[in-house]
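One chain, subunit A, appears in both complexes that follow, with subunit B as partner in the first and subunit C in the second.
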Partner chain A sequence: MREWLKNEKTVDRIAPFVAVLFGLIVGVFLILFTKNSPIDGFKYLLQGGIGLKDGQIDNLQKIGKLLLEATPLILAGLAVGFSFRTGIFNIGVSGQMLIGGLAATVIGTQFEMARAIQVPLVIIAAGLAGALWAFIPAILKAKYKVNEVVTTIMMNYIALEVVAYFIRNIIQSPHFDTESAKVLPSATLRIEWLYNMFDRANLNIGIFISLAIAAIYAFVLNKTTFGYELKAVGHNKDASEYAGIKVNTRILQALMISGGMAGLAGVTFYLGNTDHIAIGQLPSYGFDGIVIALLGLNSAIGIILASLLLAFFNVGSGAVKANLVNNVPNQLVPMMIAVIIYFSATALLFKNFIKKLATGKKKGGAK
Partner chain B sequence: MDYVIELLNITKEFPGIKANDNVTLKLRPQTIHAVLGENGAGKSTLMSILFGLYQPDAGQIRVRGKDVKITNPNIANDFGIGMVHQHFKLVEEFTVVENIILGLEPKNKYGTIDIKSAAEKVAEISEKYGLRVDPYAKIKDISVGMQQRVEILKMLYRDAEILIFDEPTAVLTPQEIEELLSIMKGLIKKGKSILLITHKLAEIKQVADECSVLQKGRYIGTVKVEETDERQMAEMMVGRNVSFHVDKAEAKPKEVILEVRNLTLQGNTKKPIINDVSFDVHAGEIFCVAGIEGNGQTELVELITGLKKQTGGTVKLLGSEIQNLSIRKRTEAGIGHIPEDRHKHGLVLDYTVEQNIALQTYYKEPLSKYGIINKKEVRKLSEELIERFDVRSGKGSETTARSMSGGNQQKAIIAREVSRSPMLLIAVQPTRGLDVGAIEYIHKELISERDSGKAVLLVSLELDEVLDVADRIAVMYEGEIMDTVLSKDTNENELGLMMTGSRKAGDK
Partner chain C sequence: MLQFLYEIFPYALAFTAPILITAIGGLLSERSGVVNIGLEGLMIIGSFAGAITLWAITKNAQPGDPVTIWMILAGLLASVVAGGLFSLLHAYASISLNANQIISGTAINMLAAALALFLSELITGSERLAVVTGVARVDVPGLSKIPFIGELFFTKTYFTTYMVLAIVFVVWFVLMKKPFGLRLRACGEYPQAAESMGINVIRMRYIGVFLSGCFAGLGGGILVLTYNGEFTGAVNGLGFLALATLIFGQWKPWKVVGASFFFGFMRTMSTMARVNDGLKSLGLPQELYKALPYFLTLVALVIFSKNTVGPKALGETFDSGKR
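Our next item is the complex of A and B:
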């Protein structure tokens, strides 16, 4: 056991699980604090999250909802993770997602085409729009060394206003001032057999898109020369330049690819989870993506697992609130998530803690 | 009192290594005692134990004859032990005196800091030990040598009697080294005792009274410096015979490989950083650019390799102009580059050895095809080079570069650059910070490249290295080449004069 724990990589991989465990422990105390039974709390969480009741899952609706919620989370997590791997902090995933969703909504409401054409079209349009939205901070970063944290965040607010403009002037719903019209059936990502299979959950082809992108993500970063260059730039720009890698081009590409993935998150959300886009609502998925990338250690598998966890909490929280005997605040589950995030953000602390366990009581640190 | 400090039979173990194994070190009052050892021999650990940063697993510490326990640096300070760290711990924006009193600020009657009296005291100490430091100068405005003196003043201000110097000359120019050594001699005359951690034998010979040698954590012995010579100390340190003088045959220069003409780099100042530099490097010779750090050598290499863009002049490699090509095109045209800063340019520290080995060729067959990396081929190449260049590390190809010793990191870079068999090998300070064994290895490698008919461009600050390894030497001063001489026709004195700006007598 100790030998196994001494391996640096193993410790890295264990740390997120420890963070989750600590989050759950804190959750136990939070539930106790509201004078409820923690066992009941977790029972209802499972019931709400995956539909587990009396030891069995009798219908797939909850799991469908969980996967539905996980879809944009996975894509947002991949978008952030991709930028992290290349040494860039893309905090503008929410905005890129909005613009991707907007482009798809415009096509999905204004034109009617054969489904086999329109669906791929909205997906491609969303990806391109997200990438283009990221182009502005990307070129500023690559050419003029402007800090991308600031520029990507500010692009979020510009995106909000762009969406408002389009809704008011081009794609407004006939019934609501602040919403777009509903996406045409020929453009929606929802499909009949999934809808039936998961008992009316809106699960859609977005989940396949997100898994496919995750696979491509892992392949590009781990197997290709392009990924090798991107990671090298992320670790050490000077050495990359020395080795003849076009550092600025790679930074530009990396941020745009990240934005493209964010755009895809947008199409899965606005044309799958819902069927319209609204004024003044910045999706929180972009920020959840940061958490997911962090918790998933920027790896494709990790990001998928972290997305499922977060989706589980999001989907299950309602049942906890509704079923516990003594009234609990809405904030209970979000607080648990926050604790997990907090612990994963301080992952370094855990790593040291685990290492200490591994090396016994002596203070470590060679040399 | 025979000894001020006695470290008796100290043993300290870290997971996997015995950093100190039964080490004994005794410092006589008013002497300089050198602690000699290769990188990783356990010098730093031993000093950290004395300074209270680590606790020994076994052994005793005596200060002025009394058994003591030093559990943290404050206790060490109370015993009058002070340390000048290799990397200075100074606040750049503060003045000298502000840095010195940090943590120990004297207050006047209104409770505000009494800078004036502190400055007077600093000036007084500075005068007494011949340090010549201006108390009101800002750290960022003074030279590295001066900054080091501020560190020394910091200890003296706190009444330290026993001073530990950790590799103090690593960052200094030859002149600054001379001055530091004479300051150290002055300190012991005025009653201080000094522990000098180093792996530079010449300095030990010059100032130390006694020398204790460590090798891989074990205590080899203590010798009186005046009764020994550098060769014997080196043998104790490395554990085998070391050849100081580099054995090499006469150079047989052939055709011109690198032709630099009127190369100029204009910076923000009026005087160009590189000013109209011209020279040739032939196949089969080692051409060395010598000079004091910061006289344009770094920039010169950056212009040749493409990391910087020239404002004028041409660079020809094998007859064709390369000064406007991309870095990769130049690499492919036949340049191998062992960069000055191996952590900044030479390695991606978070990549493994094999990933670093592939850094210049990953995009070519057989390492990759259609943009997909062939991990088997990368591993094969890496294993081959690790074997051939004797790169040692914990987990072979899978070791993270960051976790390797400096010497092995450098070997990995050399393996990568030399194995591509470039026509021109550029090595910038390839032995900086390395120990005797690694230096010997690198010199041999450079010479064998020369002997196989390649051109070698060496940039070095160490005069010994320049004279030993190079066939022809160009000395740079303020962005210009003062003169080019054959190494067999010159000596340290002449080079030293040119390095400080005087041209060879009667030449121009």
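Our next item is the complex of A and C:
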């Protein structure tokens, strides 16, 4: 039995690597397909992703950009992972990110305060706004048993329109119709010493927020009764109910906390990475978050590692396109990421297959 | 008021067609028991296939050479085939491999957008692809002369709109009146019972998903060859709007027709809110019209929640041994 448990864990951990491997293989084929050398491709990926050139890293700018890109990815991945742990599927991280970013942008463009007040304020506002945006699908799920997948998708598109309304009517940029005004210096998450340290990369306080949230995530899920109850609900709702856990309340809380983390992703992106919010752009981080949670097996460490990997691909792709002899379409990396998520989805088969081999043919009876 | 309707109707019909056909595709997939949130991606693939086919056909044409109806039909056919083939990825993952249907659908959306843009840049050197001449807007001879009705439904229309309505009629007839349709629906309600009656559930679900891909592909093709006129690698959430339509229409063909027309009408209002005098005087923000369909879908979900209206086995992987 112990042998078998060990085996299952191993299988679980191998699956994400298999998915990434498939992604890389597809990447190699795509590069070959454009009549380039894959070895050069990966050399430039390393050069663009971490600044590795001729075997050494001479400046930290690329690392800074990598961490900058990883910041919202980590938070989005944690948001999705947290909902997965409770057995719910928050596909609305993009919308919650937008609303969090919007709340922070409104405060960050319309009011000027002391920096020591305004920065914490925008961060808290973003987290609360994201959580409130998730409250609607959460209450529908907890009270009316409405499937959260559909409702969170709908909320994404409502969020887009809310943002459009605010930009057109309240926070519009004086120069561009479809953008908000630039965030005031007193509200930006960018800080000078990080900016200088990483050679003008816009790396900001967000990275510390994301790592702190990851630590809290791990602590709550692994060391507290609350976290234990959430996981119990995720495993088996009926049994949890029977054991006296308030299932509906836990679902409501989990989805709102997930939305809060998504909102934080929004503030790190719109007030750190960029300095404005725009009409009609659903951030792709919400969907990348699904890939990340799957690859990271919903654990904090796994999510951080998966975020770094995706950030590495995203940041490095520019150098691949710029340096290869023949033109490589922009979508090389998105293709690889999409292939990775497809194989993460189907990795269950691979796992089930091994499980079946190990236990002999046996399937659960009635639910 | 009448003048306002005359102005807005042709646009509303044009907006409705791609939403409707995609939603009907989604209906076939979901009635067979498979959730398809990949509709957005399938539309993107369809729009790319349609645009690139027309591009390839007309590439060497001299200025002044006409774009014939056959060329346009070839483009639409390519959309259908491409959407159908691409949907098999979703079918394979979610039916044969028992993968989570939501994750598989998300993968389809991401893969479709990336692949379409990748191929577009590889083949034409650009991620945008303009369709120089698409489907022409025509007044239907004879019918457009009927007072009121003619003005509303047969003026400045695309033939694709009627094509879509004809397909919907056929789908309704086969799904609701023919044994095949009953079998397909049985797979979405109680697949174990269906199987016990000798129905091949796996095959039926493959057919459902494949048809959803064909129709969503067609929706993308119609979109790019009619009012959109350009492939940009995105369909701006129309696939998700089709999903909302399907739910708002309670998974029933004629209700979906009504819902999609209503949602198409809202989209038209949103684009016209700033230019039409009548709408300007209402003073409602354009975003409201656009957000309303999604909001109403949420409300509808709450109202339906008392008694399940969707297919009962929707989203469950088929386990033949489950009771």
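Throughout what follows, the second predicted complex is superposed on the first by the 342 of 367 C-alpha atoms of A that agree within 3 Å, B and C clash if a C-alpha of one lies under 4 Å from a C-alpha of the other, contacts with A are read in each partner's own complex, and residues count from 1 in each chain.
Operating definition for what follows: a residue touches a chain if its C-beta (ideal position, glycine included) is under 8 Å from a C-beta of that chain, and two chains touch if they have at least 3 such contacts.
Everything numeric in this text was worked out from a predicted model, so none of it was measured.
Counting the residues of subunit A touched by each of subunit B and subunit C gives the higher count for C. Within the superposed three-chain model, A:175 lies out of touch with both subunit B and subunit C [touch as defined at top].
Of the two partner chains placed by superposition, only subunit C is touched by A:34; subunit B is not. Using the contact criterion defined above for the overlaid structures, shared-chain residue A:225 touches subunit B, although it does not reach subunit C.
In the superposition on chain A, A:339 makes contact with subunit C only, while subunit B stays out of contact range.
Common to the subunit B and subunit C interfaces on subunit A are residues 365-367. The touching residues of subunit C, when paired with subunit A in their complex, are 35, 37, 89, 93, 97-100, 102-104, 106-107, 109-111, 113-115, 117-122, 125, 127, 236-237, 240-241, 243-244, 247, 285, 287-288, 290-291, 294-295, 297-298, 301-302, 305, 319, 321-323. Chain contact summary for the complex, subunit A toward subunit C: residues 30, 34, 89, 91, 136, 140, 144-147, 149-151, 153-158, 160-162, 164-165, 168-169, 280, 282, 287, 290, 294, 327, 329-332, 334-335, 337-339, 341-342, 344-346, 348-349, 352, 363, 365-367.
Taken together, the subunit B residues at the contact with subunit A in this complex read 14-17, 19, 40, 44-45, 305, 307, 326-329, 331, 337, 339, 341, 344-351, 355, 358-360, 362-363, 368, 371-373, 400.
Residues of subunit A touching subunit B in their complex: 6, 8, 223-226, 228, 231-232, 235-236, 238-245, 359, 362, 364-367.
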